[in-house]
Amino acid sequence: METAPVTLPSNETCLLSAKPRIAFFDFAGCEGDQLQIANLEEKLLDILAHVEVVSFREIKTGHADDYDIAFVEGSITRPEDEARLKDIRAKAKVLVALGACAAIGGINCLKNFMGEAFYREVVYGPQAGWYRTYAARPLSAVVPVDAEIPGCPIDRLEFARVVKELLLGRTPWLPDYPVCVECKMAGNICRYDLGKMCLGIVTRAGCGACCVTEGAHCWGCRGLFPSANLDAARQVMDNAGFDRRQVQDLMRFFLGDTRAGL
Amino acid sequence: MKSRTFSPYVPRPATLVSKSPLSDLVTLYEFVQDNGKNLAHKPGQFIMVSIYGVGEAPFSISSAPIKESNVFEIAVRKIGAVTKALSELPVGTKVGIRGPFGTSFPVHEFVGKDTLLVAGGLGYIPIRSLLHYQLRHRQEFGRISVLIGTRTPKDRIFTDQIEALAKGGDVEVLETVDMPDADWKGNVGVITTLLPKARVEPQNTHVAMIGPPVMYKFVLRQCREMGIASDRIWVSLERRMKCGLGKCGHCQINSLNACMDGPVFRYTDIERLEEAI
Amino acid sequence: MYDAMIFSRLDLPRVIAAWSAGRAVYVPTTAGGNTTLAPFDPERGLSLDYGNTTLSPKAFLFPQTECLLRFATCGQDAALAVAEPQGTQKRLLFGIRPCDAAAFALLDAVFCQDAHSTDPSWVSRRERTILVGLGCNTPDAACFCTAMGSGPHHPRGLDILAADLGDEVLLTPVTDRGRALLAEAASIVPGIPARGERGGTALGRAATLRINAEAVMARSPFAGLTLEAVARRSQRTVHALGIWPAIAETCLNCGVCTFACPTCHCFDIQDETKGASGRRVRNWDTCMSWLFTAHASGHNPRPTKVERVRQRFMHKFKYMPMNLGGRPGCVGCGRCVRQCPVNIDIREVLRTLDMACRAAPPSGAPRAEADS
């Protein structure tokens, strides 16, 4: 299935007139993406010169309900989260999914492959009935999302670039090609040539193939790129001698919510 | 800072001397080159307009080539980053211009013959360059018929000019809209509904057509049915462009480049190209 | 004027060091399974034991990212664009393979089509880059240069062709520039002109190496690949062949083939700004991307993968030969074969294409078919 690039609502893109007000929210996530933003250090100060942060629990106190851009981290894992997300959607002109959990569901979706009764009991034990929870899902399953910053965690320079593009009223661009390209740029030897499995063949680039470059393989945390060929990928893994269970485990790790989940 | 080497990628400065809305989304822009020279373009050609920092995009030239005036016109619908930035430019701002590029309508072949101009939607913008050229050299050409189709009455552009032309009586002007509003009294239907109404002598007529991709197939079939020879039909094909110099590969249509071998093509030269229509 | 010259293999690093005067010299360097053309380091010396560079050397003449011009975004100078001045650094690429040199010769036709649109950066880099190629004695299993009009010891596009004779290296000048370069080397390092009996022996050894290499390729299952049938059919026929969906099926649209390919030349142009100034850059682009042909309106003439995969192969094997007097748009370097993550083999494609072209009905098909 071919998908067009994400487009912003046409009327709300001219944000340059005043300093846009931005706010950060999180649902079921580790706040690691927001931490990456805090880790921008001086670059964050550059960004702050052009925006007004009205809510960002990780770095400041205070909250306001009047914002233009909402960055939302984490997956939706409880029914009541939907109402809160919809409220944010209604208040924000632009909603950006921050990180894998928000953008593609991420690791949180691993539980979806088990029965609800089962995972309730594993997590909550005898108190399984006390807590409300349901299958984890990305933000886009509940509200329309205008842009995403993928990755687990996000690449903080990518965050800076996306913010810049949003401030310029442009549709933020994400690479529409797989990690393979960045691996070749980095001079890496293909993991399959080393007998390892790797999801770089279907995963959206933009991370510089950092995991492979460091000696590991790609886990798919940035989600599938637009024309990812999952059938071909499964065939590659099959030809390389990996069995269905191994493939399934790797595909489900981050990509559980996508069609990749077997 | 002076440029020491000529590079075909570097634009020349031009000034926006006027802009006026043609419809909700379409604006007419008039430019003059800062070097005081006439653009010396031919009808059907395009220019690359740069808004530094935003980007560069190709636009068909809408005005006819006029020796006496250095002003040239483009008409642009706001749809992407460059067109949006263009719509926000104050008059007097400078932009970058490259070109004119591409092939043009072979007006010398139309001399003494009738022409049928078929303009779908924004296709009227480049057709206008040809039409106004012909009007400025009216005696050279036979009958001129202009067929204009738009989606709704609100999408019509250059309405004053077109209405004046229709009233003038010399040029046959037929208009249609796909979806009328309460006030529309004219023809309703796609542009192919106009062709049977046009006064056309197929043996003596050249056709120039520009419109959305979906339009070509149907109008071409109609022309064939009317008995207009395929080598007398001219189309202008739009493609995504970047360099305008036949190098970047974006505008390839099979073995041809839209920026150098087009955008104006004789139909017989592209009728066997599957990527063309 | 010197003919071909013979140098001792041990003296080769000195020859290259001699050439380094006033030039940046790049030699094949292998690290961790990855071969690149890296700056010559006299300490590390030179190894002639390599296949080919992982990525093509096209980046030396057509950089991955290149600044075209600079501009100011506000103030008096806004809208005055200044061409980025061309570099002046002289370079020498030692050890590039004949296939890659042939690719440069092909790209000359793309970047220098006519006086008005000649690419100044390509011309500048081409003029100040000397190419000393090394013939292949042991072609790789994925190589097929002979089918594409080149060969393991083909001199096209090179200034000097070197042959590794083991204990000696034979340097044969191809251009005047190559001859001058050879003279430079010979004035510093002892070399023997390849004349007389001594020369004959060396020339004979080089010829043997070439013949052996060509024989290896002739034994490949893909020997005898030809573009003859493709050339004879119309592009419409080739375009409409039923083979494309099967070929495209496993393609990931990753674009690695276009990235590694020495003849792929498509690029994108983008503006980048920082504060009050900016620059316009061109970056390599790939026709494998959906965005490549997408209009701002959302319309896309190549909406699915099949169209894009077909485009790549037809551009190389049909359109470029049509526009460049019969020369294929591929030099047979084999990189895409080696690096495609799903093992799409361009030689298989070519063979399938060849058979389908032979089998397709004659182009004088009934008018009705042509009209549809």
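By letter and in written order, the chains are A, B and C; residue numbering begins at 1 in each of them.
Keep in mind that, in the parts below, a residue touches a chain if its C-beta (ideal position, glycine included) is under 8 Å from a C-beta of that chain, and two chains touch if they have at least 3 such contacts.
Every value quoted in this text rests on a predicted model; they were computed, and no experiment measured them.
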item: Centre-most chain [mean C-alpha coordinates]; value: C
item: Dominant interface by contact count, named by its two chains; value: B-C
item: Distance from chain B to chain A - Cα centre to Cα centre, in angstrom; value: 43
item: Intercentroid distance (Cα basis), chain C paired with chain A, Å; value: 38
item: Two or more partner chains touched - positions in chain C; value: 294
item: Touching residues (chain side chain C, partner chain A) in the complex; value: 32-34, 36, 54-55, 64, 249-256, 259-260, 286, 288-291, 294, 298, 303-305, 339, 341-343
item: In the complex, chain C residues that touch chain B; value: 68-69, 71-73, 77-83, 85-86, 110-111, 113, 116-121, 234-236, 239-240, 265-271, 273, 278, 280, 282, 285, 287, 292-297, 299, 301-302, 307, 311, 314-315, 318-319, 322-323, 370
item: Of all residues in chain A, those that touch chain C in their complex; value: 2, 4-5, 176-178, 180-181, 184-185, 187-190, 192, 200-202, 226-229, 231-233, 235-236
item: Touch list for chain B against partner chain C, complex; value: 1-11, 13, 50, 52-57, 79-80, 83, 93-96, 212-213, 238-240, 242-243, 245-250, 252-255, 260, 271-275
